[in-house]
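Alright, structures below, take your time with them.
You will see subunit A twice below: alongside subunit B first, and alongside subunit C after that.
Entry: the complex of A and B
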C-alpha cells in the first residue's frame, strides 16, 4: 500500500518535471524543430483584408518566397473585404461542427473586437505567441502590445505591425506651421476655414473615425491614463455629452455642413486629393508616403501630428482552433517577426504602409540593426517627425467604448 | 420626309451607343492615368502603374516578350482569378443547359395543371435577393463539405442561373414543332440521330442565347462565390470588389477592363444570335 502510494507520488512528480523539460512551444508541438518538420509541404491559408495592393504584394513577395524556399510552405493569401468575414467563417464552421484540423483558415490578420470575439468563444488555437523563437524581439511588457483594445492577448495572437493615428495635409495648400496641434486648435481652424474639414464616419468600416473621436475624449477629460483598463460607464457618461456638443458645434463649418461624412479612409483620401477638404487621416508611420507613391494623394502631401493623445495600436496574427495547417501557420507568424523583414515592411521602397511589430531596441544582431537604421532613415519628408509621434503615442482603449461611441455618435451627431 | 426620319433614327442609335460606351471610355482613361485629381480635366500623368501593380505588365525596365511570358506564367492573382471565372462560367453554362433541356421541353410543349405555379417556383431565385438564401445555404454547404471547393461554387452558381436558362429555353420549345421528330423517326432515324439532326439545329440559336445568359450571370456573381468559396476560390468579381474598396481608381479601372473585356468579346461574337432571327426572341409570348 505504502509502496504503491510512493510510486504514484513519484509518477506524478516525474510527470510534472517531464512536462517542464519538454515544455511545449505551442499546443501539440514540443520543440520548434517539430513545428518545422510538420510544416514542410503544407499550404498556409492566410486570410487578410485585401484592400491594399501594396500590403498584398508585400506579403506575396516578402513572405511567400522565403516560405517556399526555406520551409517548402505554399502561401495562399486570401484577400477579404473585412476581417469580420473571416471571423464569421470560423463561427459558421463551429456551427457546422467542423473541429480538429478540418477548418479552412490558418491565419487571420486581426485585432480589437474581432480578436475578442474569437478568443471569448474559445475559437482560437494557442497560446502560441510567446513560444515563437522570434517572440524575443516583441515588447511584451508594453501595454500597447500585451493589451489589444484593453483585452489581454495571453499569447493567443502574435504581433505583425503597428499603426498610429495622425493627419495628412497638402504642402501646396497649407503650411506645416499653420496646422492645428490639438483639438482646441482644430476647432478654431475649422471655424476659420469653413467647409475644409470633415472626419470619417465612426463605424465598423470607419474605425479610424472612431479613433479620431476617442482622442477628443482624452483631450477634453484632461488625459488618457484614466481611460486605460476595463470599460468605465461612469467616466464615459460624464464626458460623452461634452464631446457631442463639440462635434455639433463644428457641424455647420464642416464639408457639406456635416450632412454626409466619408465612410472610410479611402473616401477621405479621395475628398482630400480632389481638393474638397484640406486634411486626411493616416495610420502609417510614413505619413503621406504610402498614398503619395500609390497615387491616391497629391505628391505634395505631408504629415503632421497633434502633440498629445494620438492613438497607436498593434495588429496581430491569430490561428483558428480548427486551422488545417497549424505548423505552417506558426512558421509564418514567426517569420514576420524577423528583424530584417520587419525593417523591410517599414522601408518605403517596399510599399507597405505599417510600422514596427517588434521593439527595435531588442534587436542585437548587427545585420538586423543595420536594416532597422536604414529603414528609419528612409522614411522621407512625407512623414512626421518620429519623435513627435512617439511622444504623442497612447494605447487604444476597451472595445466597449468603440461600440458606445459609434452608436451614440449616430444618435447625437448624425441624426441631430 | 421618310429619309429624314431615317436619319434621325440613325442619330438616335448613335447617341444611344455613345451613352453606352461613355463609361467604358472613362474606364480606359482612368486605367492609364496616375494622380488624376480635380481640377485636372484630363490626367496630367499617364502611366501603366495600375497594370504593373496588377502584374499584367512587367516593371518599366524589363518589358521584353520573355518577361511578359515569365510574369504571366508566374500565375499572379489576377490570371488565376481570370482562369477561375472562365472555367466556372463554362462548366456552369454547360451543366445548366443539360439540366434545363428536359424541363424546358415539357414546359414549352405541354399544358398541364399548376404549370404557372411550377414556372413561378422555378424563377423564384431571381425574385429573392441572394443574401436571403445564401447564408442558410452556406451552413448546408459547410456541413456537406462543399464550402471552399470549386465544385461547391459551381453548384451554387446554378441557383441564380437556372431560371434564366429554363425560361429562355422554354421560349424556344414553345415555338418548336415536335412533328419533325416524329417524321424523322418514321423515316428510320434513331433517337440520337433525331436529336442530333432535327432537335438540336432547331433549338441551337435559342440555346446560344440561354448559354450567354448563363455565362454572364455566373461571370458577375460576387456574394455566392465569396460565401460558398470561403475566399479560397478567387474569381474576378471578388478581386474587383476588394480592389474598389482600396480607393485607387486607376487600379479599379484597369481591373474592370479585364473584367468586362471577355464579356464584350463574347457578346460581339454571339450578337447575331441575339439580334437575328432567333426563336428565343418571340417565344416567351406564347407561354
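Entry: the complex of A and C
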C-alpha cells in the first residue's frame, strides 16, 4: 500500500517535470499547431463497434464532414463486431513486430477491460488526453471519468460519451407506477409475475448482466461507497453468498426457470420484444428511445430506473502505439469533445444513443450552453426523468470484481 | 526413373508447403499458446496449466465435462440420424424418375445454405415465440405460445441436432445417390435372380457396396458437427454448453491469460476428433481385412 503510494507520487512528480522539460501536448508534438499541421491530408482509421446504423451515420455525418472541411482529414470508419477484435488486431501487430507508425488502427472506441488489456501490455500511445484543447470540458476530477472500471486512465484515453444502466418496460403491458424501484421490490415483482423476468448472463459478452449483479451487492450491503477503491476480498466474500442466495431464490420464477439466460443485450431485447419477458436493460440516457426507433423494442416501450445504485460509466477513444496517423487521431479525439457536437450526440433527432462525455457545467460559451439545453429538453417520453437517473448514478467498481462475479455466478447460480 | 521421381516431388512440393505452413503452422502455434507460451504478455514458460484448468479446475471442470458429453451426444445422434434419413430416402426414391429429380433438386437447394441461416430459421419456426408456437396457439392447440415444447435453446441440444440432421442429410443424400447411380442395378438383379428377398438384397448387396462412402461421409459430418461453433452458439443454452462455444468465450476474455485456456480447449476438441477418426479408420480397415 505504502509502496504504491510512493510510486504514484513519484509518477506524478516525474510526469510534472517531464511536462516542464518538453512541454509536449502529446508524445511527439510540442504544440497543438504542430498537431494540426501534421494531421493535414491524413486519413484517420477509426475502429469502432459497427452494430448500430444510427451511431455509424452519426460519426460519418457529424465528424467526417468537419474533419474533411476544417482539417483536410479523411475519416475511414471501420465497423467491427466487438472492441475485442481491434484489441486482438493490435496484439497481432505487436506479435508480428509492426511498430512505429506502421500499424493499421488510429483510434479504438474502448473502455473497461479492453482498455486495461492494451494499457497493461504497453500497446497504447500517450498520455495525450489532457493535452487536447477541449480536455478543459472533461470532468477529470470525477472518479467515473478518471477511473475506467476502477483503473486509472492516466491520459491514455479520452472520453467520448457516457451511459447508465436502467430498465425498459412496455407501457402497453405495464404501468410506470407498478415497476419496481429497488432490488427488494424487484424480488416481489418476480414472484408475483412468474416467468416474466430474466437477466443477461454475466460474462465477457454480457457485461451489462455483470453490472446488474454488481448493483445487487450495493443494495444488499447498504450502499455503494464502501465498494469504491481497490478490490476488497473481505467485503466481497462477506456479501457474495447473500447475493447468490437471492438470485437462486428468483430462479424458479424466472423466464424458463433460469435454465438459460440471454447472452447479451440483443437476446434480451428479443425476448422483451417477443413478449416473453416484461423488462429489458438499457444504457442510454434516452431510455427506450434508440431501440424504439430502430424497431428492436415495441414503440410503446419506456424507461424506468431504480432510485439508487444505477451504475454509469464513460467510454473513450484510445490510440494504439503503432497508429499510422497519430496527429489526425488527436484532432478527432479533440473534435468529439466540442460542446456543440456533444450536444448533437445527445439530441435524439440525430440518432446517437449515448450521453455526455463532457461535464456540461464546464461549458461557458453561450452557443454551447444553448445547444446543451436544447438537447436535454428533447430527450422524449421514452426516457426516464433525468433527475431520477442523476440521483441514482454510481460509478463502476474495480475490474477484479467483474471477473470474480462472473466466475462465482457460474458456479453458484448457473451450475446449481 | 529418377526423372519421374523428381517430377513427383516437384509437383507435390507446392501443395505440401501450403498444407504444412497453413495447417501444421496453425496447429503448432495454437499448441504453443495452449502451453502458456505468449510472448505478447511476456510469458515464455511451457506448462500444462491451461489444460489442467479447463479439465479439472473447480471453475471449469463441470462446464467442460458436461459440455463434452453434450458434444458427443449431439455429434453422434445427428450423424446417425442424418445418415439414416438419407439412406432410406435414397433407397426409396432412386428408381422413380420423378421423385428422384424432385428430391435431388430440393436437396441441392439445401446444400449451399449456410448453417447460420438454417439455425436462425430454426429459431423463427421452432422457438417458443416462433411461427409454429404462435400458429398452434392461434388455432387453439395450446393455450399460449409459451406452452409450446422447448425445441430450440434446450438442455438436450434438440434444436442443434435438428439443424444438423436437416443440413447434413442433404450431404449424405447427394453422395449416396451418386454412389447408387454408379452401381447400377446389375448386382441387385443378380441377387434377385438367385432368390434374395428385399431385405437380403439391402443387407448383403447394397449396404456393403455403399458402406465405404457412407463411412467417409460420416467422418466428415461427425468432425464438422463436433467442432462447429455457429449452430450451438445460436441454438444452445448457457449450461450445458458445447465445447466450441466454451472455447470462444475464452477468446472473448480481454484478459490475455485466458487465451491459453481457449487454445487448450480448441486443441482438446481437435485431438478428440482425430482420435475418433483414427479409431474409425482402424475399425473399417480390420473389417475390410476380415471380409
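Heads up, the rule we're going with is that the second predicted complex is superposed on the first by the 394 of 416 C-alpha atoms of A that agree within 3 Å, B and C clash if a C-alpha of one lies under 4 Å from a C-alpha of the other, contacts with A are read in each partner's own complex, and residues count from 1 in each chain.
Please note the rule applied: a contact is a pair of C-beta atoms (placed from the backbone, for glycine too) under 8 Å apart; a residue touches a chain by one contact, two chains touch by 3 or more.
Note that this is a predicted model, so its numbers are computed, not measured.
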item: Touching partner for A:201 - first (subunit B), second (subunit C), both, neither; value: second
item: Which superposed partner A:411 touches (first subunit B, second subunit C, both, neither); value: second
item: Partner chain(s) touched by A:80 [first = subunit B, second = subunit C, both, neither]; value: first
item: Partner chain in contact with A:326 - subunit B first, subunit C second, else both or neither; value: neither
item: A:95 touches, of subunit B and subunit C: first, second, both or neither?; value: both
item: Which superposed partner A:114 touches (first subunit B, second subunit C, both, neither); value: second
item: Touched partner set for A:275, first subunit B, second subunit C, both or neither; value: both
item: Contact residues of subunit A, present in both the subunit B and the subunit C interface; value: 95, 274-276
item: In the complex, subunit A residues that touch subunit C; value: 82, 84, 87, 91, 94-95, 112-114, 116-117, 120-121, 195, 201, 203-205, 256, 259-261, 263, 271, 274-276, 403, 407, 410-411, 414-415
item: Subunit A residues touching subunit B - in the complex, by the definition given at the top; value: 45, 47, 50-53, 56-57, 76, 78-81, 85-86, 89, 92-93, 95-98, 104, 264-267, 269-270, 273-276, 294-296, 298-299
item: Interfacial residue positions of subunit C with respect to subunit A in the complex; value: 39-41, 58-59, 62-63, 128-129, 146, 150, 153, 155, 237-239, 249, 251-256
item: Partner subunit A, residues of subunit B touching it in the complex; value: 34-35, 37-39, 47, 49, 53, 55, 77, 138-139, 142-143, 147-148, 226, 230-232, 234, 238-239, 241-243, 245-248, 250-251
